[in-house]
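See the structures that follow.
Below, chain A partners chain B and then partners chain C, in two separate complexes.
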Partner chain A sequence: MSGAGAWARRYWALMRNAWLVDFQYRAAIALWLLWGMMEPAIALGIWWGVAGTGDVAGYGRADFARYFFAVMLVNQLTIAWDSWYLDRWIRNGELNFRLARPLNPVHEALADNLAYKARSAGFLIVLWLVVAAVWPPVRLPFDPARWALTAVAVALAAGMRFFISYATGLTAFWTTRATAIMELHAGLSLFLAGRIAPLALLPPAVAGVAGVLWFSSMLAFPVNLLTGAVQSTEALLRGFAGQVVWLAFWFAAYRLAWSRGLRKYGAVGG
Partner chain B sequence: MPPAIVADRLSKSFQVKVRDPGLRGAIGALFRPRYREVRAVRDVSFTIQPGEIVAFLGPNGAGKTTTLKMLAGLLYPSAGRVEVAGFDPWTGGAPFKRRLALVLGNRQQLVWDLPAEETFQLNRAIYDIPDADYRERLAELVTLLDLGDVVDKPVRQLSLGERMKCELATALLHRPPILFLDEPTLGLDVTAQDAIRRFLAAYRERHGATILLTSHYMQDVTALASRVLIINRGRLLYDGALDALVARISRTKRVELVLGDGVTQLDLEQFGAVREFRFPNACLDVAREEAAAVSARLLTALPVVDLSIEDPPIEDVIRQAFAEGAEESEA
Partner chain C sequence: MVAALWRVNVAEELQYRANLVASVLGTLFNMATALLTLALFFRHASRLGGWDYWEVVVLLGVFNTLSGVVEAILRPGIGQLAGEVRSGSLDLVLARPVDAQAFVSFRRLDIWRLSDVVLGLGLTGYALWRLGSVPPILALIAFAVALAAACVVVYAIWVALMSLAFWFVSVENLSVLFDAVYAGARYPVSAYPGALRFLFVYLIPIAWTTTVPASALTGRLGPETAFGAAIVGIVAFLLARLVWRAALKKYTGASG
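Entry: the complex of A and B
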């Protein structure tokens, strides 16, 4: 069998198992999805009230509605929770059998992410279409080229957030606080990635930090691209360049943590 | 034929954080962490030929599992050299891992919520096993391990013995020539232990696999391995045949007797050390080289209904080997 065919079979088998496990935990998956929708829904409720009939820094009620629907979708398509799994694998010895297989464990995590995101995307796009049918503020202009660019930006953001989570999880080779580091990162991203407010509404210094670091690339840029807030070619190129640079940075961080961490590994717990 | 497994002056040390007990100790460790070096494996060397079954014995914390993990490429050695199936486990990558099965008795790769056959399918894809081979090997493993009614049940509903059998099937679908088994019969009942032993012997017979296993159950050792490696406190104390170990360690033979009427414990004490006397049964320890002569004298002097000469139980021999090894390493 060709190399590409073998890899396709491996990824399909891993994703298939992830979906089969999901079927065993239907209620938990539904609650998880609901939880993912709550945060942007609450933020939208607040900004809807704040905006009233006017606007806040150029954002009216309809802009906020589009923004937070886009946040809901993009966040679910880019979120990564691998640091929690890795922390357990490393500290409890569940990494052992994975290391004995001829497959780097990163592929299992990637396939798990793809399975989750495929499922979430199906649900959220249908949800958006249903809501858009009855509630005009969340409708997007018909613009296939913009949607294609957004798909690329979402893929880059998903890759970056995956490697942020994976590389942070690998710090469990050295510390018992890997998940605490990730919690801190999640707290910062609440503001700096644009999860509770568009970055344009943040103080300029804070928005500047978000732009210089990876935070805007991981959520705000693909969201703004989808809603139409990114218009100029310069902003478009700057956004994609930022994504590529930070994706490369976090991929390098993962490679470094993996190669160094394995030498440090204690292979505890059997 | 080159050896299947070579360990050459293999060592592994860990840095372990130590702190004083209580809250003060916890706070102190935050500001001034202290570390202690634990030498889990020290200068261990051995060679295993293809097709051998070797048992790795030692008390808890002796260094067995650490050595096994270095051989499997999970742990990076602090010093020394390892070669398994012609590969350095650390740099062998996928080609090395395809020749290897690692089964850890207290950790499983079966997906807990799904039937075992879903994990089989996953490994079929991971190891890139062709369809025809997969079907043939699965049928063989299902037959040998008697898994017919088991593979389609969720793993969480299986007994411990059934899970271990499925675990072995998962680990062997790619038909590896080298098996590292860490406590494969841990916690299993006698019937399940026996089934696993018979399976391992049959697998080795059919496929010429090399097996290195650790176990605390001496029946695993006596049933499977003709050669043992005894390790304690990280040092290899013995490498050789089980029979030779018994001969070396045990200076006595055990004479089991069924006696006729009128024999007292006092009568027996002139022939050897009386371990047990519960008329009409008795058990004597006699010097190894005198066992035959003492038995002849017993038969002449006393009304003996039945007599047998045996080596002491293997558990006693191993316990003595650990104890002697511990004394040597302290000396």
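Entry: the complex of A and C
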């Protein structure tokens, strides 16, 4: 057979292989996105029924739709999962060889986190555009200034959630039940961060706690900023201030847990 | 064979009584979260899909019971399949002289997670008491049949989900996806708008796992529902078997 034909076949094989590898990769990302979409979709389904033709504390069906689509997007952009593997590494000794490397593992974790978000964010935004084209309730008014502010809030929230995840993972230095701490935090954030419902629907005392602690800063504030629920300059400044304060707090918590934890880890001969 | 496998597991597990405490506390925390979520919905509505509060709690108890079955048997068994396909250790499993599907599905019994089943049934019983409802014997039989069928449907969903691992090898966290989708079974299917209702009845039939048994128990659906549930269970099992066979053929065929 001529050289050209053989080369054509080789390239076909290479391209097919690359496509298959890429496909597997994309399938994995698609499944993670699907996972992230289920909770807001279910919550939206229930509130849609509750709201009926009227509204619930000022939220009508369209408002809920906008809110939960925003939750889907912001959650994907701010989510962190480091607590789970850190707990595993510390418990089964896998942390050791990573400590021997010159670079603190936190950098690789952060880079990995950002890369994942870059990949999945594009997909979600496209999905929102497509849905908005056929389903009016999720449409947002064209407001680039608001979107820019939201981007800042999302970045702050993402940083905060990263350090929350990292710090809670590091509690594995002191307890075998670090996953219980993570589950507790997840359970609280279900209500306080606004995952199950907009904070306005919670009993006022509970919503107050969410505002005082870091929970509203980690999800509810960026979401409300995007949907336009945050209007006044005062609310805007208060929201950003809260984010900055809690980001600093959790960064400090991470640093403390890391230095103290390593000392303890080393002392045990780990 | 299953009994023999489980005897070994149980003997191991009984040494770790701390796991029971952790398991029970975890389940109670999840139940509390679920009840608080329900309270939040009912703060703004008097009914959910036509069901009142304690009726939904009956359903929540069924959900917890099935979750117990998932955690005790399904996740440690067939839930490991995706990882094994990826790591290649599935070959060791397939080399055994027993039916692979039966072995993979029932190889482990995390006995402490059965506490979820007890707590779930307990919650259901309590909710029935609060409703002031005493189910007639036919309703109880229908409930038992529907619950058994529900277990089979949940099993079939796991088989279908895990079988994805044979075609998309890199999807390791399929069992986490199950949790996210199955959370939809916490509420009666009538509470959802049309699209989600269609999804949960026909595509990923989780409505059959909680809404139907709970309805049979509270009398929303008559005892003849048991027949429908049984049929759905049988069909689900057969479909799961077919999917398993196809997946296995692909797996063993590819490596030759």
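Descriptive notes on the structure:
Just so we're on the same page, the second predicted complex is superposed on the first by the 236 of 270 C-alpha atoms of A that agree within 3 Å, B and C clash if a C-alpha of one lies under 4 Å from a C-alpha of the other, contacts with A are read in each partner's own complex, and residues count from 1 in each chain.
FYI, a residue touches a chain if its C-beta (ideal position, glycine included) is under 8 Å from a C-beta of that chain, and two chains touch if they have at least 3 such contacts.
Computed from a predicted structure; not experimentally measured.
Looking at the shared chain after the overlay, A:Ala241 reaches neither chain B nor chain C. In the superposed model, A:Ala148 makes contact with neither chain B nor chain C. Judged by the touch definition given at the top, the superposed model places A:Ala100 against chain B, while chain C stays out of reach.
In the overlay built on the shared chain, the residue A:Val56 is in contact with chain C alone; chain B does not reach it.
Contacts of A:Phe191 after superposition on the shared chain: chain C is touched, whereas chain B is not. Of the two partner chains placed by the overlay, chain B and chain C both lie in contact with A:Gln24.
Once the two complexes are laid over each other on the shared chain, residue contacts for A:Arg263 go to chain B alone; chain C is not touched. Once the two complexes are overlaid on the shared chain, A:Arg9 sits against chain B while remaining clear of chain C. When the two complexes are superposed on chain A, the residues of chain A that touch both chain B and chain C are 24-25. Chain B meets chain A in the complex at residues 14, 65-66, 69, 72-76, 93-95, 97-98, 100-102, 104-109, 111, 113-114, 118-119, 121-128, 130, 182.
Here chain C touches chain A in the complex through residues 22, 25-26, 29-30, 33, 36-37, 40-41, 43-45, 48-49, 168-174, 176-177, 180-181, 183-184, 187, 191-193, 196, going by the rule given at the top.
On chain A, the positions that touch chain B within their shared complex are 1, 6, 9-10, 12-14, 16-17, 20-21, 24-25, 93-94, 96-103, 262-263, 265-267, 269-270.
Those residues of chain A that touch chain C in the complex are listed here as 24-25, 27-28, 31-32, 34-36, 38-39, 41-42, 45-50, 56-57, 177, 180, 183-184, 187, 190-191, 196-197, 201-203.
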